[in-house]
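First chain written, first letter: the chains are A, B, C, D, E and F, and each begins at residue 1.
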Amino acid sequence: MKLITFGEVMMRLSPQEFKRFAQADLFEVTYGGGEANVALALAQLGISSEHVTAFPDNEFGYAASAYFRKYGVSVDNISYKGKRIGVYFLEKGSSVRASKVVYDREHSAFAELNPADFNWEKILTGATWFHWTGITPAISQNATHALMEGIRVAKSMGLTVSGDITFRKNLWQWGKTVQEVMPGLVKGCDLIICGESEAEEVFGVKINESSANRYEEVARDIVKLYPNIKQVITTKRETINASHNKLGGLLFNGDRLLETKSFDIVPIVDRIGGGDAFAAGFIYASMKGMEDQKKIEFAVAASVLKHTIPGDANLTTVKEVEQLMQGESVGRLVR
Amino acid sequence: MKLITFGEVMMRLSPQEFKRFAQADLFEVTYGGGEANVALALAQLGISSEHVTAFPDNEFGYAASAYFRKYGVSVDNISYKGKRIGVYFLEKGSSVRASKVVYDREHSAFAELNPADFNWEKILTGATWFHWTGITPAISQNATHALMEGIRVAKSMGLTVSGDITFRKNLWQWGKTVQEVMPGLVKGCDLIICGESEAEEVFGVKINESSANRYEEVARDIVKLYPNIKQVITTKRETINASHNKLGGLLFNGDRLLETKSFDIVPIVDRIGGGDAFAAGFIYASMKGMEDQKKIEFAVAASVLKHTIPGDANLTTVKEVEQLMQGESVGRLVR
Amino acid sequence: MKLITFGEVMMRLSPQEFKRFAQADLFEVTYGGGEANVALALAQLGISSEHVTAFPDNEFGYAASAYFRKYGVSVDNISYKGKRIGVYFLEKGSSVRASKVVYDREHSAFAELNPADFNWEKILTGATWFHWTGITPAISQNATHALMEGIRVAKSMGLTVSGDITFRKNLWQWGKTVQEVMPGLVKGCDLIICGESEAEEVFGVKINESSANRYEEVARDIVKLYPNIKQVITTKRETINASHNKLGGLLFNGDRLLETKSFDIVPIVDRIGGGDAFAAGFIYASMKGMEDQKKIEFAVAASVLKHTIPGDANLTTVKEVEQLMQGESVGRLVR
Amino acid sequence: MKLITFGEVMMRLSPQEFKRFAQADLFEVTYGGGEANVALALAQLGISSEHVTAFPDNEFGYAASAYFRKYGVSVDNISYKGKRIGVYFLEKGSSVRASKVVYDREHSAFAELNPADFNWEKILTGATWFHWTGITPAISQNATHALMEGIRVAKSMGLTVSGDITFRKNLWQWGKTVQEVMPGLVKGCDLIICGESEAEEVFGVKINESSANRYEEVARDIVKLYPNIKQVITTKRETINASHNKLGGLLFNGDRLLETKSFDIVPIVDRIGGGDAFAAGFIYASMKGMEDQKKIEFAVAASVLKHTIPGDANLTTVKEVEQLMQGESVGRLVR
Amino acid sequence: MKLITFGEVMMRLSPQEFKRFAQADLFEVTYGGGEANVALALAQLGISSEHVTAFPDNEFGYAASAYFRKYGVSVDNISYKGKRIGVYFLEKGSSVRASKVVYDREHSAFAELNPADFNWEKILTGATWFHWTGITPAISQNATHALMEGIRVAKSMGLTVSGDITFRKNLWQWGKTVQEVMPGLVKGCDLIICGESEAEEVFGVKINESSANRYEEVARDIVKLYPNIKQVITTKRETINASHNKLGGLLFNGDRLLETKSFDIVPIVDRIGGGDAFAAGFIYASMKGMEDQKKIEFAVAASVLKHTIPGDANLTTVKEVEQLMQGESVGRLVR
Amino acid sequence: MKLITFGEVMMRLSPQEFKRFAQADLFEVTYGGGEANVALALAQLGISSEHVTAFPDNEFGYAASAYFRKYGVSVDNISYKGKRIGVYFLEKGSSVRASKVVYDREHSAFAELNPADFNWEKILTGATWFHWTGITPAISQNATHALMEGIRVAKSMGLTVSGDITFRKNLWQWGKTVQEVMPGLVKGCDLIICGESEAEEVFGVKINESSANRYEEVARDIVKLYPNIKQVITTKRETINASHNKLGGLLFNGDRLLETKSFDIVPIVDRIGGGDAFAAGFIYASMKGMEDQKKIEFAVAASVLKHTIPGDANLTTVKEVEQLMQGESVGRLVR
């Protein structure tokens, strides 16, 4: 089993503790991206994984590669070209004050990548799963082309393909709309991660606000539109405040909706990467052939643990996820 | 619109995180004072503001000025004289352990200021609001004289004057009592911030412990004593513990009592300056001509946000305060 | 009144804030041990105390001694020999993620101590109380022999002796079992700290799972087995998660069971040393001749405060503990 | 006397101490730019100064403004527009290992500024000196146009104009060459800072390698080409290694060459901004009407001190510069 | 052998690395004083030592005591009274930029001590050496009285008494001059540390600027004035710059002048406390009965090592000093 | 070309900056070992490399692996077993104060490795060079056996084998002497790194103290004893003090002695790993087929650069080494 992910990696800069941007004399530096975070999480769970991306041919491209290599992600098919690594600034919120992200990602090596630099047949050889997110097609035409080709080849080589829709309206600036682009991508997918409002905005699915089975209906509609999609999943997040969220998950397996209990996460150490940890957890559980209810439970427990770890990445082990799923001694000191 | 504040600024030294004083190898350094914090908060809200004080003519007087200048507060009428800057040490508490403040402020440049150094006519030209607190008259006779003159001139020039009573019994050491001094000061005020027990101790207002309308009665009594006072406001704080407070506000507008809902603040990042943020919020809302209910709601929301920010100062924008007032996505990640 | 404690002290290394081990570029360094923590806590409460141990004759033995000397613990009877100081690594958990301890304590100077290096008659002269824990006999035969002799001499010199059973199964590797060794130790004790499951595992006491008076029955059985034991105490901890525990205490005074209310501790700043703070609180209250109910309340309040302080040690004063017992302004800013 | 500077300000990110980029978990954050550094240095020397630039309308534009305001530089005529603040990464070298700068400044708010946003008549009212550097015309056509207009208006309003040639070949990407653009700019200047190789590359001045009076000849040639230029200055830097430089200065005053002694700077705390400190020192000395020899000595001493201070900015006072010029107790502890 | 020192201890606050005061967000905190530093250094050299002082009865008085206790100095006769601990701020210089000290020590507990709080007979029992500096009589009349009595009792009990003249002109504000006070103090001394200019200013000794034997003549004159003084010593410091000093020592033993070689110290890690380390080294060597040449060599080597250690205190061992004296592998890695 | 190294990796803990051990509240954490450092350096130079070792099967074994993986070293053949990772503590010296290393490496997973866990045929497949040091045979019999087998197989598979003699007398505790063990190891080597005194102590080579060609004679004698050795190299280090070393290199190529110029390194940022960087540089130059004089020059320049980089590892590129060799702009700011 081997996972390949493809997408942008950014340098993440954040003031220490709860300082606001203007107060900071120091920024914590790490690296992350919605797809690479999935690869990294799977490496921690013991699955062979590789991330494919484009980095500038400079110290920060190398440092970002080194970061992923450190955590066991292969980085052998990265294109080193272009001018800069995208950057995002994160101000960690607390209680009623929200965390805040400021992006500086335009003109990045990834946005300006050359699709010809990625030999997907070679890259995907030996792999069993390909994962992407909706950030990539939002960034640029070139990124979209590379992704399309990746999905096409993955499909043709028999890999399972999963896509996290992640619709960020303000990113879509390169000419085409999400509605024009996304269908071509999800047609190659076996699994998508898609929330209610994303289903509406991206796929035009109608939401029946008064229905008790809303998500199931939405998911059914998606599967009707794209019969290749066998599973539709999403997290169910309730934001009490920046330090306290409740988190559960939903899985429509083509047949029925499975649901998990909701976990209280308080305090939240790091809000970023929760969705990526969820995706990674679901992919792991699927690779290991867990039954459907366990899959979505594993995904949720993995995501919950992510919120307790600084940085984008979910540095948790299978054992830790399973203990949380079993409710064993939650948070009891381990000696 | 321009606000002038007058009062002492101290260097604040605090161990990192939750270390006790004896554990600290490093102290975080910042600067603050009950009045200057108000000027700083208003500068963040987009209002022109200036702080007037006395600093020693040394590196720490300059550094303190630089701190306020950084955050947009004018510091053009500061007297640089005297020997030292007052210092306060803050040990941040958590849960059942209280935060602790140790003062080392005696003999500061401010305590020993020369009232003649402040040309109030010049200072207040162009300003529309003057704000002071009860700390200043507690510090020394000289500080009291300078403040009295400031209030007198402000009144004569038509500024709105607000005073935060802030009675700290142990500060009053220079000869006169708060009961002797305060009436002369509040007679020049349009607005005061005054809690129940302060009303009793400072103004001799009787508290009817069994009354349900206690604060309204207290405020009415104050207004009876000082008819120049048009509004009396206070925060309503419930201390669950050092990490968790509930905070609301009360406004007596001369006619009736207006009240806000109470916010849970948990965890508290920094307890200092909550009252100053409340005052600043109310002044802003008044300057902008909000209606009374909005004024007190704005003040409370601003104060609540302050508790999530390290340091004395409320580094929040109008937009952030309004979002909290409207309960929009409290603490939801902002991208 | 003077307390003597005997036991291993380890260097404690922990990543800053909530970083996982692999993320750490810096480890916070401090020193601690289940018995030395008790001596240190009592020194903060104003009681003369001394810790006896074996350290390597190197910089880290000296640094550990210096650490305890800083906080007022006498270290005049330490044996400096052997090769290394034991180390433990602590990863601080949060919310659903548990804190994690990794030990590297084998072959430490303490494990390989020479019992002849401790002249107990001299060491205990002037002392009134001797305290030990079940960690010591678990470490090695030599440590057990030294402890046995310490207890014997303490008893013969009329000191009060307390033992914290602290059964850690995986530590017992040197040949004898806890069941073989412990009886010889508790026979010299006036007071033991012992949880339900420890009573079962160590002393073979039967637990009646369905009984409402379970702990009282257990304690009675212990006292029946060892009539020298006059009091049996334990904390009652409920682990909501790594950031939130509830803590109360139980005291069987030979006659009846006394119980305290339960405190919510949230957030927990440092989970380590809570039990040691409880022991120290009880010893202090006993030394001061408090009545039984106050003793156990003092012990619990002291332990609760410990959870708010970084490091192993309970750096709290009598005044702070008493304020918490009295519920005075819990967590209200102290100026 | 008041100085106006115009140019780009970048966020500066650097690993702590001597860490290489890939080792860094933290970046120190500050702000700087070749022109703004001059304004900041003059503010420390007691001269009123203002920096004019374009920042993005986001947290980092505001934070950069706050940084300069802190150190006394007016920032009242900044244009807040565009998408990003330029960034430069600095790796501090030591001994044989050079410091290294990586730029990420393309597409910055400054590069994409709108010349119409700068009302030079208004900006320059009350000012006596205008300073620019050769970085600005290298960045973009828009920046060049804004600068040209600034110089033109400054000249017309009777300000003294100084330009630091600072030729960075790889920056010139927008279409015109330095040789095409620079003459138009220096024609408005009274003073330029220009090294030998810059004179050759930018102005086509021939260097007589074998001449002992090389710099004087070069300067004379420049003055012949641009008779408006009354003074040509440069630093004379000898790089022993990254920790040890020798620094002196040369001034051609239209008549003859004046030279200073050379200072050993070892260790160098921060290499960045040495040239800007030199320019600022010369401007200060000129404003104060020092005689020519003192001017260049003041400039060199100011620059030497800069090398001992972390960050881009020269945080030194007139007194400190003068003490160094006089060789008084160089480096003797000041109490 | 036991040393008693008496004098003020201050909290020392300094920016990290080479930051200037206004740049600092963090201050490093430690404690030191000219006399206490000597006690601490001797404790590291294996000599029993105790420091006597007055501290405020607050957290910072206790923290300062804890600091000295940590490093093995007894603090059993400290008076806890008064309002504040003196503070000094240190900005570390580098190269041509000097280190800078700003004092905030007025009204400290020590300055306002009550001489009656020090029972010198009790304090000095068991001691063999008493050491003081000229800072103490400069601070206040009360401090002078306490010191006078300390010297008197020490003398009467047969202790060796040493005084470090340390003349700081600007400290003498309480009414009497150094010339009035000092004779009464040095009359009780066996040894003084006194530089050439101090001899002139304090004792009125004439300096023959053209003499090659200047220091010997000065020392002889002192011994003539105060025949009780058997030895006069001083460091011979040449300040190349803030990072590079040369240091040697001179000892006049009543008979002749002994001199040491001069050590280059580069880079200087911490300039503070060099003189105190010299005094401590000389006292140690005297206590151990070294011959005169070794005494002054030991003192110099100890002082040289101090310059490589952060903080006021000389944390070096006898072995380290001796290795430096013997020139063994200076600075060669020790495994 | 691919390098395999085999040897122990330790956790390195060091106080920040120049703090002594007892002053440290924080330890910097990194990982290193004499052989692994070589692999890491070669990875930076662009050569495929792998390190083989034994780690405990715990967080610190994984973290150490992650560290090497980050910097591009393969870690696919590590044995995860045993109880602990060896630790070394480093106190960085300055000027006359030496850096100090305290080891805590006994009973490490490496010391107690099982030779059968290393399948050398598999490990060495595809490799071209095998490198070891004299630390490994000093540690334990098991480590020696594993190394012997590694050398034997490497030789049989045609790899080049290099050994760094590195004789540390106090490490040899397991029963055999270095004189008994080393011959068996060097018989499989093509290249050794061996200083004069090591040649005498380990190989019994006689040193003619008065000879000008001493090192050449020593090297010739070694080659006579072990004709398989084609090259003998060593660094020539002169320790001015802990902050200033001079470093050159010597190469005996079987025919004649080649020598490099000596570099001044001042200040030294990190003294550890200089020899390993030298070895790595020589291996790189050999792999690239440089001529002999260039080989030793490359090795020296690489080692010199290492001294400017914090940590054990030489994070330098080929370009940086070559620039230093060519004396191009040593330490000139790179933009």
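To be clear about the criterion, a residue touches a chain if its C-beta (ideal position, glycine included) is under 8 Å from a C-beta of that chain, and two chains touch if they have at least 3 such contacts.
Computed from a prediction, not measured in an experiment: that's the story for all the values here.
Enquirer: Compare the contact pairs of A-C with those of each option in A-B, B-E or A-F, and report the one where over half match by residue number.
Expert: A-B
Enquirer: Does B-E or B-D have more contacting C-beta pairs?
Expert: B-E
Enquirer: Centroid of chain A to centroid of chain D, CA atoms only: how many Å?
Expert: 45
Enquirer: Taking the mean of the C-alpha atoms as each chain's centre, how many Å separate chain B from chain F?
Expert: Centre separation, chain B to chain F: 62 Å.
Enquirer: Which chain C residues sit where two or more other chains touch them?
Expert: 17, 22, 25, 66, 70-71, 100, 267 - these are the residues of chain C that touch more than one other chain.
Enquirer: Touching chain E in the complex: which residues of chain B?
Expert: My answer: residues 13, 16, 21-22, 24-30, 58-60, 62-63, 66, 83-84, 87, 89, 91, 100, 102, 104, 106-107.
Enquirer: Which of the residues in chain B end up touching chain C in this complex?
Expert: By the definition above, chain B touches chain C via 17-20, 22-23, 93-101, 103, 168, 239-244, 267, 271-272.
Enquirer: Within the complex, which stretch of chain A touches chain F?
Expert: Within the complex, chain A contacts chain F at residues 66-67, 69-72.
Enquirer: Which of the residues in chain D come into contact with chain E in the complex?
Expert: Checking each residue of chain D against chain E gives 17, 70-71, 263, 265-269, 304-305, 307-311, 315-316, 320, 324, 329-335.
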